[in-house]
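Before any comments, here is the structure.
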Amino acid sequence: MLKSIAVLTSGGDSPGMNAATRAVVRTAVFEGVKVWGIYNGYQGMIEDDIHELTSRSVSDIIQRGGTFLGTARSDEFRTEAGRKKALANLKSHNIEGLVIIGGDGSLTGGALLSKLGGMPIVGLPGTIDNDVWGTDYTIGADTAVNTILDAINKLRDTASSHRRIIVIEVMGRKSGWLAMMSGIAGGAEYILVPEAKFNIDQMCQDLKKSYTSGRRYSIIVVAEGAGSGIEIGKQIGTKTGIDTRVSVLGHIQRGGSPSVEDRLKASILGERAALAVISGVSNVVFGFNSGKVVSIDLFDSVNNTKTLDPELVRLARVLA
Amino acid sequence: MLKSIAVLTSGGDSPGMNAATRAVVRTAVFEGVKVWGIYNGYQGMIEDDIHELTSRSVSDIIQRGGTFLGTARSDEFRTEAGRKKALANLKSHNIEGLVIIGGDGSLTGGALLSKLGGMPIVGLPGTIDNDVWGTDYTIGADTAVNTILDAINKLRDTASSHRRIIVIEVMGRKSGWLAMMSGIAGGAEYILVPEAKFNIDQMCQDLKKSYTSGRRYSIIVVAEGAGSGIEIGKQIGTKTGIDTRVSVLGHIQRGGSPSVEDRLKASILGERAALAVISGVSNVVFGFNSGKVVSIDLFDSVNNTKTLDPELVRLARVLA
Amino acid sequence: MLKSIAVLTSGGDSPGMNAATRAVVRTAVFEGVKVWGIYNGYQGMIEDDIHELTSRSVSDIIQRGGTFLGTARSDEFRTEAGRKKALANLKSHNIEGLVIIGGDGSLTGGALLSKLGGMPIVGLPGTIDNDVWGTDYTIGADTAVNTILDAINKLRDTASSHRRIIVIEVMGRKSGWLAMMSGIAGGAEYILVPEAKFNIDQMCQDLKKSYTSGRRYSIIVVAEGAGSGIEIGKQIGTKTGIDTRVSVLGHIQRGGSPSVEDRLKASILGERAALAVISGVSNVVFGFNSGKVVSIDLFDSVNNTKTLDPELVRLARVLA
Amino acid sequence: MLKSIAVLTSGGDSPGMNAATRAVVRTAVFEGVKVWGIYNGYQGMIEDDIHELTSRSVSDIIQRGGTFLGTARSDEFRTEAGRKKALANLKSHNIEGLVIIGGDGSLTGGALLSKLGGMPIVGLPGTIDNDVWGTDYTIGADTAVNTILDAINKLRDTASSHRRIIVIEVMGRKSGWLAMMSGIAGGAEYILVPEAKFNIDQMCQDLKKSYTSGRRYSIIVVAEGAGSGIEIGKQIGTKTGIDTRVSVLGHIQRGGSPSVEDRLKASILGERAALAVISGVSNVVFGFNSGKVVSIDLFDSVNNTKTLDPELVRLARVLA
């Protein structure tokens, strides 16, 4: 059993990262294991921005969006020299194991670090994009879709007062999950995702037709990976002649107090990760599949790509 | 294949009932089947408050809390004469199948109706209490726990400014699910549920001790089935000598625009229920288990009692 | 005293328009005066989309965003022929007076209509932009600034986790009021408004300096009239070398359930407008100044331009 | 000009107290004046829980509910000996002036302290109850009424699904302001306030009559000073025979992120208070009247009682 572990958050922050960190810390403390927080992600690991945490360090954070540990980009960590320096810093504090909370890129960083050997590494999927392979849940995704839904609710109020097309661009460079979930729940007419081709000319013809036959308004959700909301909105406006307005939600989607699901699942995963790494388990990512905690091989997770559930795509068509 | 079906909501309303009704209606319309709405639950069935619905009848409702069909108590339906009258009304409209959306009591009503024969009956679990046997999800529960969490967030703001104990009474006559989920996610010190005995004297001693050693505030979540929040608050105040304040959330928990999960799962279940009843399936309840749609025997569902997940109880202790 | 009046909403919708319409209708009904709703603004007046309203027509709308009467652009109304046709439609229903709820452009439409004579016209300032001359309050502005503030709160969560600049573009083509109010309340570093010149190079130099000396993040609020948020964000990113992200709130700002202030003041103004027009008063706009209801000359209101309170500009500097 | 001032929050906390404290601190720092925070109200003043604050101490708090300075009851401060001790502590830190943020009781404490002489004292009205004489605005009231309105919105969703009477108890021991504002904005049928007698028998007769003639639901807002919501709900249920449910909002009303109005006005008042006390002004309370900052005599403010605006009472009747 290890005597000292560390935890970091990396990549884009997501609501629930604080709950996961809190559970890692409290579980370690409960088990009598020293626990360190690495601030500002891999860059902080390189710069030795590493501080011991106590139970009290993580009180009053479960309800906060973002991550109190901070997160940062690190070009240096992309080099082997950087990673060796980072590892040396951990060792200088007698840290014997590491929990990494982040998305695909951050877990890839963990996999590279793991190849250097030296200590057990356990990952948790922390990203609003819900695009980590091997788990159907990622920390923050539930809060983010509900934030988008709240925006769509507001757009609907105003859209229904006018004859207008409303385009909303949401996050998701490679994955249309956020767009699809919020679009179905929000009653969107069209949901444009990077995983599926769409014919904008056909869509505009259909829109014109439905407006001619009395439709009052349409909401179109665009994942950023499917194109720029601003650009697509301009094209639609030009091609249909219908007044078209665009919202680009941006980082608003990362904020907000985490939902029950994100707090609870993040807490459960944080406890699992801490217990696993303390007992020497390495190179696994903990996630949820079909509502149960699962452990996935870290290298499998980063080497595979999660695809959008085709049932969601089908449902979007039926309910629209 | 049936040519005409009806849908009703019954019992306490829950956010997402509208999404389920919408999916039942749109699926039926899509399949070319006539669909009727029964207003005000079983009482409306007896009073022939039954009207045909179209795709348009259910537009602009997915985002609304409550149920546009209404719901009501019906003493008459508890009698066989009442149920026969209700069934006769359905037949008078040539309705051949029925979808019932409601909690345990409402599904029991469905089971009694089913015993009279006459038409296929399919149930959906619509209740914020998440206490329907055979499904780990009920329509509205996710929205309700997040509403409670929002209240706890607000209580936390003010509690941390004072040295106070805050008691919040939440719904759950027989089930502590809402209390447990929101309490864990909200970082409550104690969570009192009907399923577990608690020693109020011991709790008060522990509270006094922790306040003496510097604790600033505690939040205690009480499921209504575990006792009256007002009464428990009074006792705690008297026994600890610490200023204790009580909130009784009441029906606020039933309101609010449904969450993504409730809209989506309600939509999926509504589609399933409609397809099933149209094809003549009867006496089943559709729900979710481990993230997948399941069908449960209607009589099994109403004759068994769902118990609280012991993992939740354990987690509450570890994270507190 | 008139026997029959009409009400319309026009221009961009704003939260509270429904509360104002409800108060107009209920006051008229209370006074025994017939009341008509003109749907879809001036265009509906031209197309005779005019229907009688009752007390019940406006129940259950006070909490809704948008306007149930709808609103639309009307090129035809810009012509005298169009306005004459519109007026003739009103007369064909024996409508003797008109309440117009809308922004600057809509009130200008009312002034043009008024020049044709024919009936008393009373205006209410309904716009989120708070840019109607003669009143320091417009219906919807309070809800809109709080919607923006909620977005800034969320951006702050995530911004504080990274070293980033966050730009948020808000509404306000000619007026920086929304940007200024939400920016001050949200603790923004810079607030760019159409009323004041700004030196982007200087700003970028200052930003670089403050990030070098340890600042973790900055939030910059841009009124659309001061430039495109996307463009300004790009420039800042390039000139500072600091990761810069942009949100464009768009029509989200028009939605949402109206705040207490917007419901209450809209109700008070609606009552005043109805009473005034019923008694034959014409060519006035009712608003609030220093917390008291005031009546402004309609032509003065549309011929003057409201300027930003310099105290707000000063406060923004002191508190940043 | 003073060289060192202190600030405290006292009594029930209210959203915006942090914004006011922040403005006091930043204004003092800007003016080159030392500024101290007194923690936990008058009790902290007695226990010398007094610490210097910097600009950074108040960063990242404007969006938080509650008060980071804390607040507490103090029996000792009610004695002259206690107040002398408190004053001596201030002097021991060379504090020369004091800003007190709180409600009626807290300002009365300030008046008593002032009678001992020794230093200038300036008050700010910080209470959700909006019951401080001489100002039509108090810090936190706008956020609180909107929190109540959100609860009423949710109750309305569910109430409209049933035939029910919903009672909601809100804060206000002596003042019905919160009940009246939220009740009017929320479309309540009855609003029971301590300032006005009501005949519960008459009300129940009217309720029965309106339900008999088809009314679906009623919302009744009760200020705590007008009676216990639970008790009133029981009586209504018994006397009308209509299903009646009760929510007791409690301290939820004190929480939540402050609204734009509360942040902005609290900031303006904080700046004014700091500038005044620094320049030696004493025994005034700053507030807002008709939208403009006013200064009220401290003794006048605590010796007079604010009464409910009769216009609100009238409006409640017209719009119900």
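Each chain gets a letter, A, B, C and D, in the order it is written, and its residues are counted from 1.
Keep in mind that, in the parts below, contacts are C-beta pairs under 8 Å (C-beta built on N, C-alpha and C of every residue); 3 or more make two chains touch, one makes a residue touch a chain.
Chain identities (UniProt): A, B, C, D = ATP-dependent 6-phosphofructokinase.
Keep in mind that this is a model prediction, so the values were computed, not measured.
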Farthest chain (mean CA position) relative to subunit D: A
For subunit C paired with subunit D, centre-to-centre distance based on mean C-alpha positions, whole Å: 29
Length of the line joining the C-alpha centres of subunit A and subunit D, rounded to whole Å: 39
Junction residues of subunit D - those touching two or more other chains: 153, 156, 160
All touching chain pairs, where touch follows the definition stated at the start: A-B, A-C, B-D, C-D
Of all residues in subunit D, those that touch subunit C in their complex: 23, 26-27, 30, 60, 62-63, 136, 142, 145-146, 149, 153, 156, 160, 181-182, 184-187, 257, 259-261, 263-264, 267-268, 271, 289-292, 315, 318-319
Residues on subunit C engaged by subunit A in the complex (per definition of touch): 9, 13, 15, 64-68, 70-73, 147, 151, 153-163, 166, 168, 216, 230, 243, 245-256
